[in-house]
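Both complexes below contain chain A, partnered by chain B and then by chain C.
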Partner chain A sequence: MFEFIKKRLKSMQNEKLQEKNTAKDKESKISKSLKENLGDIKSTVGNSSDVIMREFSFGHGVCAALIFIDGMTDKKVINESIIEPLMYGFKCSEIDSPDIEKIKLQMIAVSEVKDVDSMDKVIEGFLAGNTVLLMDGSNKALVINTTEWEKRSVEEPQTESVIRGSREGFTENMRTNTSLLRRKIRNPNLVIDKTVIGKSTNTAVCVVYIKGIANTELVDEVKSRLEKIDTDSILESGYIEQYIEDAPLSIFSTVAYTEKPDVVAAKILEGRVAIIVDGTPFVLTVPMFFVESFQTTEDYYSRFYFMNMLRIVRYISYLITILAPAVYVAITTFHQELIPTKLLFTMMEAREGIPFPAFIETLIMLLAFEILREAGVRMPRTIGQALSIVGALVMGEAAVSAGIVGAPMVIIIAITAVSIFNIPYQADSAAILRFIFLILAATMGLYGITMGLLGTLVHLSSLKSFSFPYLFPVVPFDIKGNKDAVIRAPLWTMRRRPNGMSKKNPKRHGNFIHNPMQRKDK
Partner chain B sequence: MNRKAIILLIAVLSTFLTSGCWNYRGLNEMAIVSGLAIDKGEDARGYKLSFEILDLGGSSKEGGVKTKFVESTGNTIFDAIRNAKKKTESKLYFGNARIIILNDKLARDEDISQLMDVFLRANEVRETTNVVIAKNMSAGKAISSKTLTNAITSFELQKIIAEDNKNTASTMDNQLYKIYNILKAPGESLVLPAISEVQNGKEPVLEIDGLAVFNGERLAGYLTPEESKYYLFAANAIKGGLLTLSVENQNADSLSLEIVKNKTKVKNVYDGERIKLIIQTETDAYLNELAENINVLDEKQINEVCLKEEEKLSYLISSTIKKVQNDYKTDIFGFGNKIYKHNTKLWQQVGSDWDEFFGSAEIEVKSKINILNTDSIKKL
Partner chain C sequence: MQKETVSGRQFVYMIILFLLGSSLIIGASTKIGQDTWIAIFLAMLMSVPIILIYARIIHLFPEKNIFDIFTEVFGKVIGKILTSLIILYAIHLGALVVRNFSEFLQIMTMPETPQLPLMIGVLSVTIFLAKSGIEVLGRWSAIILAVVIFVICFTIASSINKMDIENFYPVLTHNFFNLPKDAFAIFSFPFAESVLFLALAASIKKESSSYKIYFSGMLAGGIILTAAVARNIALLGAAMVEDSYYPSYSAIRIINIGEFLTRIEGFVSSNFILTGVTKITICVLAASYGIKSLFNLKSEKNIILPVSLCVLALCYIVYNNTMQMLSFNEIYAFYAFPFQVLIPIALWIGCEIKKKRL
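Then we have the complex of A and B:
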């Protein structure tokens, strides 16, 4: 069945590629007549009120027009650095022909100016917030960078808060995001390669990597996958993620995302490639390993004993969050002999008078939790407080005292619900796995859970992310990679980047051994 | 879809449909049995069983767990277990049963391995369940009588047996699986803990009362708690308990030694007619009570204490063995089993008639006591 869907997808992709090739061949040139050009633009953008066309003349009767979008440009720059020098500048009287080179070199007092000769580039230019200067009698136009729009300032990310480490988070503005990265890695080899994706949205997408560290095959693969995207809109990096991921039908994501510049910096320094999409603070990094879901920046910023403990806690949380309800159901309905007598007695007492079997009871509570969680995200912040009170009462006290669910069930759901927040990157897959395991447990007991775990393991080992095995460094086992998998070795022992990630430059640092005793001898 | 895919699908589906756990049973569909007692049926046919089941009615938060008793009769033991279901809402669950009490008369008349067969065969009953003999009362009365601390009689009895085996050395913690191990082992006979009712103040309570001695598969008699201690010495199974003696005082004991560790070795000499068993015990002990005028720092005086105790202990062990030889003629100490394991040639000569050889064996006991510690105080 999956084969069929895959084949179908492939044929669809091929069709799209052909379409794209045929669409690319005609490109309209700028004509010499200003009126014609303005007419062209008007017919393309329609009657949009925010597209402003300012017609004026300067020098010895050179007719010109400025085209820009209100709200995306800095009017002060347009007035003082474009219009003023052209109309009142001390050299303006010398201009008697639409000499684009001369005007670009001598008249325009703006830092970034480009000359273009196609109508598409003109339209693309002013839609991106630039100001376009068109002149009668010239078949070239100047695209002057005057972008300035309202944007959010750099704030602490809401989804990934830390105790120790940088509190900067990416914003919706792509240039701010690239600057945050550039500030972390002041290296000429940091490449920020921009392309535009989306036929309607023309969204800027940057591929970021470090030349000399990232494998060229990986960079090429990312670029070619981005090129293949044929869609009319990219509104968030999630669109890109779903178009380029290796296993689109798996419940596990094979592309990582983050809101924090230091995370992206660390990942591209390991040889990964980041994809920044304009308009979203979420930056993608590829390839993704499963163990990455259990790593946080603080693992590396704080000393390793405590952080290792927390990392192990994260792995345990993951197991709890996917297995706790299932194991509870399996043990209480099939394997009572596994429960110590006194606990069994307490549990039986708690279940006394509960009208539903354990499976239905668990299902009700899990569903209630998912409803509450979703409501907590969607509802206006101001009534969030009310929700938490209602949630706590409904989930806990009321349900137990009304005899609808047992007290042990509430404990199980509570620990399951809390555990998922320890591994936010796997939260979506864990929520689905939890229900699958629950159904397996209710029908086949611990045997079912074991079968489910085996199936999950087989599936995980079959996954690849940009030709890297998803379970690396556990499968295939890599002893050096395991320095940063379940446990994190001290930083100075991690001399190499993850195996295979950087073929040209695998070493992080030299034979530096952090041993104060040795240094004293010297 | 092609053939291959269909075959694969069927294979995967059948692993789910033809296997898995099938004994679905909710927690509220079972009655937990904590212990059961077996008596002879009234007209000497069949059995009468009494079950102690945990009562869910009363909440454990208010005044502890309560228990209820169910009695039933049947032609076989399993028949009686099924008949008990007629009186209860849900099926009895034996996964947490801790104790099986057998009536004295039943154990004397019937083969214990046949009595216990149903419990060993059933998948629910744990092999670690304790089996005890009710000495001077019916088993049903024993299980329904009160114990001092725990509301659940069966649980308390099991705890008492396990702890007494370690701390007072007055009984042997033989569990269900061990009954079969011992019965099937050549040259060894079974002992089981015995219980009887005693007066504690005004109310009657259950107490562990030594050991029940089996000859083959049938009950033969009892050992007192004191004799049980020396049985444990001889069988190399002692883990704790006290030794008392006096050095100067002739009327009463005034010294206590707490046993920490003991090792018993058995040697045998066969002269063609009789077998001679030489039992050597070496015991490490702490001196815990001393109501006599002895300087514990003086090696000579301490050695005197050791010598006295060695003499007393060896006498008591040998007299216990002699009592078993004379009264029961059955090797509960497992001396024969040691010969079977380590001296096959000798066992071929004596094995077929081991009980006779054991009954007439010459016993020599050599005891050694090491006092490791005198608990800080030099002298009162």
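Then we have the complex of A and C:
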């Protein structure tokens, strides 16, 4: 049985290889006849109304055609920098043969021009927003960069707001995004390596890293995983994430994402690799560690005492958000002796007359919260107010006064719901964990919760992200990494990058130890 | 598949947790009351030669586990017999720990719950952990050890006002022969149980020294155990330590800080759960490695579930009640002697002869 499946898989792989080979052979050349070429393109793109083919002649009867897509190109550039010099420029009378090199060098007044000789490159070129110049009698074509389309401007990201720090966010346009990064890291070693993924969408994907800081094995691994993606569409970086992650069946994500250029800059300066996907403001960074979910940019921008307190608050919120309902159910159902007597009386009084057991009560309220949260994201903005009234008053106040749920329950759900927003990166895993722990608590009490926690810990320690343990730097213990894990040490003490992240260039600071505490010029 | 390796430091953590295993709760409950801590030191001293032998065996045959060494030294037939003996010991030890664990939970926290669900709960975590492999076990140990040490330090610090140094006096007034006897009991449980690490030795990273691993593990484990025992004696006094089944648990009940931090004995049971799970996992893994080499299997991963089920079945039938468990603890030292001392010594002699001939 297994043998059969194996054989089948092997033969499928062979077929794929053969397909690739034949596809390479077919790669058609540009023919010398302009008519043939235009016919080829027409048959490929069909009757698309936005593909414009402008035929004209210049010099001493050289026939040519410009092909571009309306809406993706800058017409002004085409008119003034391509057509005008060719037809009316002072050198145009000298042109008597379709000499592509001469035209490229002397006639086209556009900054970025490439010559190509295959039909596929031509089609790829104008589909990406370039203008293609084909000439009768030449088997080469010029791809002229005239890209210009409607795009969103750089705005403050909606999902990650900050009090202090840069307010720029990535946009859907890849070039804007790379420029935002370049502006942050003006370093010749910043490599922005572009590939194209997706057979139908031909989405541009950039691998960004700093040469000399990022480990070459890591970069190679990222590139090889990207190469292995064999799909027809990449619409968002989430597609890439799900294809390259180490543990696709885990509830924990092993690839980090962000909308902020300063976050990406900080991460690639630590030796990580970023993946920018055209068409989405969300940029991926790998490897991801569990502690990263608890870090924000402001941890580093503000002074460290207060930010350490906030970081510890974040860890506590995480525990609350996954455990609070479960512990409430376990204690009220199985371990009433753990509650101080006075509190027990108050709680019992509040629960008096509630028709459901604590587990069902919690389940109803958690479900209601998840419904409200989802509705809050999906609803049209204009009816937001109505929803918040329904949510706050009906679900909370009315449910309690009607005696369907107890008041302590509402408090528990409220704190659970608020805590999740402190750690947005773990929000999805926490929502699932919460239900798992709730069920364990309802069946086995605190013992069940303990077993669940241990199981989670086993799972977490078995995870890896691009061959780095997910729980790094806690295990394997790394003192340099721990300066930025549970607590954040002052910036000037973090002299080295986390161990292993950068083998070639582990130092952040120079040899001169800049310690503000020992400054002489006081 | 790449071979799983564990760094020397993580191996030390595993040994410490293994030693603390169930002994942190039930172990070291002896007849000599306030002198138990001396017995622990004596037991550590007694275990030095045997641990030297374990480390020597690993040193002579690096990157091999005890089962491979058996066949290499004694040939196929005797090797397989010894392998099956060690497998039986590992499964039995795992079953004993699970039973200790479930008895403890039933007596202390859930008197009306039958033991089977408790056993299934702990074994399901164990299976998950063992299936994730020894590398994950190493990483897990690093975290768990931090938690365990934190809990012990915290309980000592928060109970310091209730401690009474008088509880340690008078020193050495018990029957003189009881001291070595109890030391021997502590030697066999938990120190010499670390014989099972010979079964996992193949995963130690090559560059780390086996002597260093074994000794630092034993030393740290012994010191932590002594600290816990000394805490119990200081809090409870000799008479109560002798009387209670679970002295650590009883000791922590006393803690009361400002009427707020009270009844934190759950902390101690968390310690027991954490170390217990590690110990059971190591037993299950050792048995699985053994079965793997006994039947020349490709991987031990598929064996873990059946082995764990064996452990479950065995721990369910091994005792009828708690009293039987406690009385077995008294003769355990003699039962375990062949596995802990005789077989390793035989193996060591065989190893030395084999190496000389080569």
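Rule of thumb we're sticking to: the second predicted complex is superposed on the first by the 487 of 522 C-alpha atoms of A that agree within 3 Å, B and C clash if a C-alpha of one lies under 4 Å from a C-alpha of the other, contacts with A are read in each partner's own complex, and residues count from 1 in each chain.
FYI, a residue touches a chain if its C-beta (ideal position, glycine included) is under 8 Å from a C-beta of that chain, and two chains touch if they have at least 3 such contacts.
Every value quoted in this text rests on a predicted model; they were computed, and no experiment measured them.
Student: Have a look at chain B and chain C on chain A after the superposition and call it: clash or fit.
Tutor: Overlaying the two structures gives a clash between chain B and chain C.
Student: With the two structures laid over each other on chain A, which partner does A:336 touch: chain B (first), chain C (second), both, or neither?
Tutor: A:336 contacts chain B only, not chain C.
Student: With both complexes overlaid on chain A, does A:451 touch chain B (first), chain C (second), both or neither?
Tutor: both
Student: Check whether A:471 is in contact with chain B, with chain C, with both or with neither, and answer first, second, both or neither.
Tutor: second
Student: Per the contact definition in the header, classify A:347: touching chain B only (first), chain C only (second), both, or neither.
Tutor: Only chain B; A:347 stays clear of chain C.
Student: Regarding the shared-chain residue A:358, is it in contact with chain B (first), chain C (second), both, or neither?
Tutor: It touches chain B, and chain C stays clear.
Student: Select, from 38-46, 56-64, 92-100 or 110-118, the region of chain C that bumps into chain B once both structures are placed on the shared chain.
Tutor: It is 110-118; the other listed stretches have no clashes.
Student: Determine where on chain A the residues touched by chain B overlap those touched by chain C, and list them.
Tutor: Dual-contact residues (chain A): 334-335, 337, 444-448, 451.
Student: Over in the complex, which chain C residues touch chain A? Could you list them?
Tutor: On the chain C side, the touching residues are 7, 10, 105, 109-110, 117-118, 121-122, 124-125, 128-129, 132-133, 136, 139-140, 142-144, 263, 266, 270, 273-274, 277.
Student: Which residues of chain A touch chain B in their complex?
Tutor: Contact set of chain A toward chain B: 1, 330, 332-337, 341, 344-349, 351-352, 354, 357-358, 443-448, 451.
Student: Contact residues on chain A for chain C in the complex?
Tutor: Interface residues on chain A, with respect to chain C: 334-335, 337-338, 444-448, 450-451, 454-455, 457-459, 461-462, 469, 471, 474-477.
Student: In their shared complex, at which residues does chain B touch chain A?
Tutor: 1, 15-16, 19-21, 23-28, 30, 32, 34, 54, 56, 59-60, 65, 93, 95-96, 124, 126, 155
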